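This report concerns only the one structure given below.
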Amino acid sequence: MTRLHYAVDLSYQIDAPGADCVFNVQAAHTPQQLVVSERLNLSQPRALGWVDPQLRNRLLRLQALPGLLRLQYEATVDIAHHRAVPASLHELPIAELPGPVLPYLYPSRYCESDRLHAMAVAQFGRLWQGHARVLAIQDWVRQRVRFASNSSVGTTTACDTLASGVGVCRDFAHVMIALCRALNIPARFATGLDYGADPALGPPDFHAYVEVYLSHRWYLFDPSGTAIPMGLVRIGTGRDAADVAFATLFGPVRSQAPVVSIQSVAGSDGRPAELPWHTPEALSTDAGQA
Amino acid sequence: MTRLHYAVDLSYQIDAPGADCVFNVQAAHTPQQLVVSERLNLSQPRALGWVDPQLRNRLLRLQALPGLLRLQYEATVDIAHHRAVPASLHELPIAELPGPVLPYLYPSRYCESDRLHAMAVAQFGRLWQGHARVLAIQDWVRQRVRFASNSSVGTTTACDTLASGVGVCRDFAHVMIALCRALNIPARFATGLDYGADPALGPPDFHAYVEVYLSHRWYLFDPSGTAIPMGLVRIGTGRDAADVAFATLFGPVRSQAPVVSIQSVAGSDGRPAELPWHTPEALSTDAGQA
Amino acid sequence: MTRLHYAVDLSYQIDAPGADCVFNVQAAHTPQQLVVSERLNLSQPRALGWVDPQLRNRLLRLQALPGLLRLQYEATVDIAHHRAVPASLHELPIAELPGPVLPYLYPSRYCESDRLHAMAVAQFGRLWQGHARVLAIQDWVRQRVRFASNSSVGTTTACDTLASGVGVCRDFAHVMIALCRALNIPARFATGLDYGADPALGPPDFHAYVEVYLSHRWYLFDPSGTAIPMGLVRIGTGRDAADVAFATLFGPVRSQAPVVSIQSVAGSDGRPAELPWHTPEALSTDAGQA
Amino acid sequence: MTRLHYAVDLSYQIDAPGADCVFNVQAAHTPQQLVVSERLNLSQPRALGWVDPQLRNRLLRLQALPGLLRLQYEATVDIAHHRAVPASLHELPIAELPGPVLPYLYPSRYCESDRLHAMAVAQFGRLWQGHARVLAIQDWVRQRVRFASNSSVGTTTACDTLASGVGVCRDFAHVMIALCRALNIPARFATGLDYGADPALGPPDFHAYVEVYLSHRWYLFDPSGTAIPMGLVRIGTGRDAADVAFATLFGPVRSQAPVVSIQSVAGSDGRPAELPWHTPEALSTDAGQA
């Protein structure tokens, strides 16, 4: 079990006549991720919470008045990963997928799997099906795309990234998801914080990664290669970045860069923390069923 | 109340080694649409049904063996529309939208509302909010896009259609949805059969239309102008065409054109049927809540 | 695969000022039970349907006006049971039960498992856990309770039945459910039609039976011993009879006895029907997850 | 808005071979109740969380090993009640109730509304329908039942309490719920902490109260009259006490009395806290829809 603590500090200047805000920064409650403490501080009152029963995303909504809006949140979570031997994980025939998994076969705003079908089949169609094929897709993405900060914008899609050959974690995730779906492997987008990111990549920030449905569970993949999967804290999940922005602001708003941090902490029993490491096992924090 | 009967006949030649199939042709059970009879005939056994609890889509899945696959389905539905005076319908602030409605604010595969934001605000941002603004969007789409059979393909998006100026019902729907979302008005894609389509448009076919969330209900709009909203039977709904294909076939399949038909029928009490007509009222068949 | 057809005919005389009605007679859509055709005829219009997303119960609601109310319904269903070797089925520790299964551990109106705890532990606590223990409970119920038509009333509970030693199918089910829950085995009440009932028991009627959660699925048990489990068509499921009455009438109503029938029919391919038989296998029509 | 803080401290001695535990002590996330901070400390690891999507109950499950088990939890919540003029609240016809509300019309383990139907109709059937009738039921319960600590046991039902004329908060709630349901008014059981309880009633403890569905929302009632409705923090809700025990322990366990506390705290803006008071308004913290 891993115990991680993270903090998020968001600041906005809201102009008249105010703005509707949706935040998705709270740690998800999943069967493998237990929130043991959290603290939320909002400088404006009357926020409304909502938890998506399927995706477990925790949305916070607010009609912000003109002036400063500051959201501070911190959480400590215990993660007890479901672990599996990669070679034991297989792809499922579509007729055996649970109903709620089906939407993750279809193209979405930033993952145009319909346009990548022929290429994906040519490239990966003859590989042995299962976890190894998904790893092959991940490796291929890492070879084709180069990580560079600020190299993409909000409208950049998987096809755009394949064309430019450069992107940030969000773009690596979109390409990998699009390729999986093009091969009829359910894949979805996840956001969170990552413990253990290389400081050379810049200050800590929200991270985007991938969950792939194999053998009746969602397994973690980090196509950008910048995180340690065991050190990922899940915040949100959805079809792609359109579904899980950490903040969506509807109105005249000036934003400051978010300030985030994450560290490993000792358990309540005083034992030293188990630090995330690059395990060869496949990891999952959610079967995706209630 | 309107009583309508429709029939669907789908034929496929499945090649080795077989194909996974997902069909979405059954009439949705909504609070205002009651399925009074239906009949399904599948030439291959072992189909599995699943009903999406939020969207009410009824998916039929099958691992089809090589050979012929034929799906025949017919249903009779009673539709008792919720009717409202258009001028009474208002847009809702984002903080008041029910959680399950939020995804319909975000861009999706074929509705790139993020790319259309500036244009939509310039064009419609100063209009009085409410049903009239949505009608203005619908009228604008009808002026900018020309209906032409077979003028688009499966990967055509709202931006593609705005560029080409031509499309089919699916494309009209995508453009209208993208514009609504760009203005923070929740909008979704619906498929079904339409009673009363102009025979000059060709043989009866599946139809695509739009539902917009106003005053806590989903209201019907037919941006292509080819149907009578009161004559729409709902089959599926989703973010865009990616979610509600009437058939998705994973494997080597040769398809024949679907054969569909729809007619108005008399009620069980023998009274003549109430025929759909172009009412000025706003119509809804679903509040979108359980 | 078994193909069964059933029909239900309900008649009521509604007195002034009318009555609200809730019906639960339509065949459930489960992963193993596919409704291939159905027909509903209501003598009064404006009924509203609702499908419970967890339980799959299909409720039909109506504000009936004074006068006659008649509901005729018929359905043909294909049942492809999930089959398991009984000895392979185990009880699950409470910490491994899916969340939606937990309510079926608790006492309910007609299944006072809290009052039966000590007795159940004394009687069955030392038995080997698993399918065999559930069978032992079923056998014990059959020995202690004698079937007699019209021997119980709507308020009769499991404890009442254990005291009187007599009951109908509903009462056998309540006793078995209460005993299972007293031993921390999730159990629920199911209603439906049963093909193959002994004609000596009277005219065909709705049937009540039991589903027990073992090895991550709900398995069928017929404690009254009057049905062939393979011939059960599922209509509703819930905690006990309070949840799944075939008709609940709120207001001044005079009811006639329901007329029901069920038969086996040939498949669409013309093959003779597979008749239900007393298989030694454990049968399930629902994993209880979406 | 009211900001309240509560703390719960539970201690158990688990004997061999261990025990499965289900806890329901965490503050519910409702649209009107925002958890701004919380802290959970469990002396044994590997707990699993689950949130019921309909009821919002947050269940914590654990396979506890022999030895001490201690659960400490504290939370600060902001409650922004939905407020309504009581005279404006009406009862809904059954055909207009949302589907998920229907189960709260039916009898449950400790609320035998089926047995109380005739009495309830005789007593309250002629009263004007709406909030005033529900208040009349609450007043009647307070007159018939006397509060006395430790006067009931876990199997005590509404009918038992009406016979004995004595009970604790749980029993007052069960009687009021049973009478509402007997009159076709949906009612459910809620548990939580209550700020402002009379210290003469003993040390702070978990509280049980009632939610009644009127005009499309669940409104708070405190039939025992020992709490200030505005000071109720919601933990769980369900059909009756069977669904929302704060702790359910399956195995050999010796429990100590729970230690709980609650106080009002100042908001983050430093303003003094708004103290709960006996408002004449009707209060709701949940519409019961997603």
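Note that the chains are named A, B, C and D in the order they appear, and that numbering of residues resets to 1 at the start of each chain.
Assume a contact is a pair of C-beta atoms (placed from the backbone, for glycine too) under 8 Å apart; a residue touches a chain by one contact, two chains touch by 3 or more.
Keep in mind that this is a model prediction, so the values were computed, not measured.
Overlaying chain A on chain D by C-alpha atoms takes a rotation of 180 degrees, rounded in steps of 5. Taking the mean Cα position of each chain as its centre, A sits at the greatest distance from chain C. Between chain B and chain C the centroid-to-centroid distance comes to 36 Å (mean Cα coordinates, whole Å).
Our note on geometry: chain C versus chain D, Cα centroid distance of 31 Å, whole angstroms.
Counting partner chains per residue, chain D has residues 48, 50-51, 99-100, 290 touching two or more of them. The residues of chain A lying in touch with chain D in their complex are 1, 29, 31, 34-43, 45-51, 53, 58, 78, 80, 267-269, 290.
Per the touch definition, chain D reaches chain C in the complex via residues 20, 22, 48, 50-52, 59, 61-63, 93-95, 99-100, 102-103, 105-109, 111-112, 114-115, 154-155, 184, 238-239, 242-243, 248, 250.
Those residues of chain D whose C-beta lies close enough to touch chain B in the complex are 98-100, 289-290.
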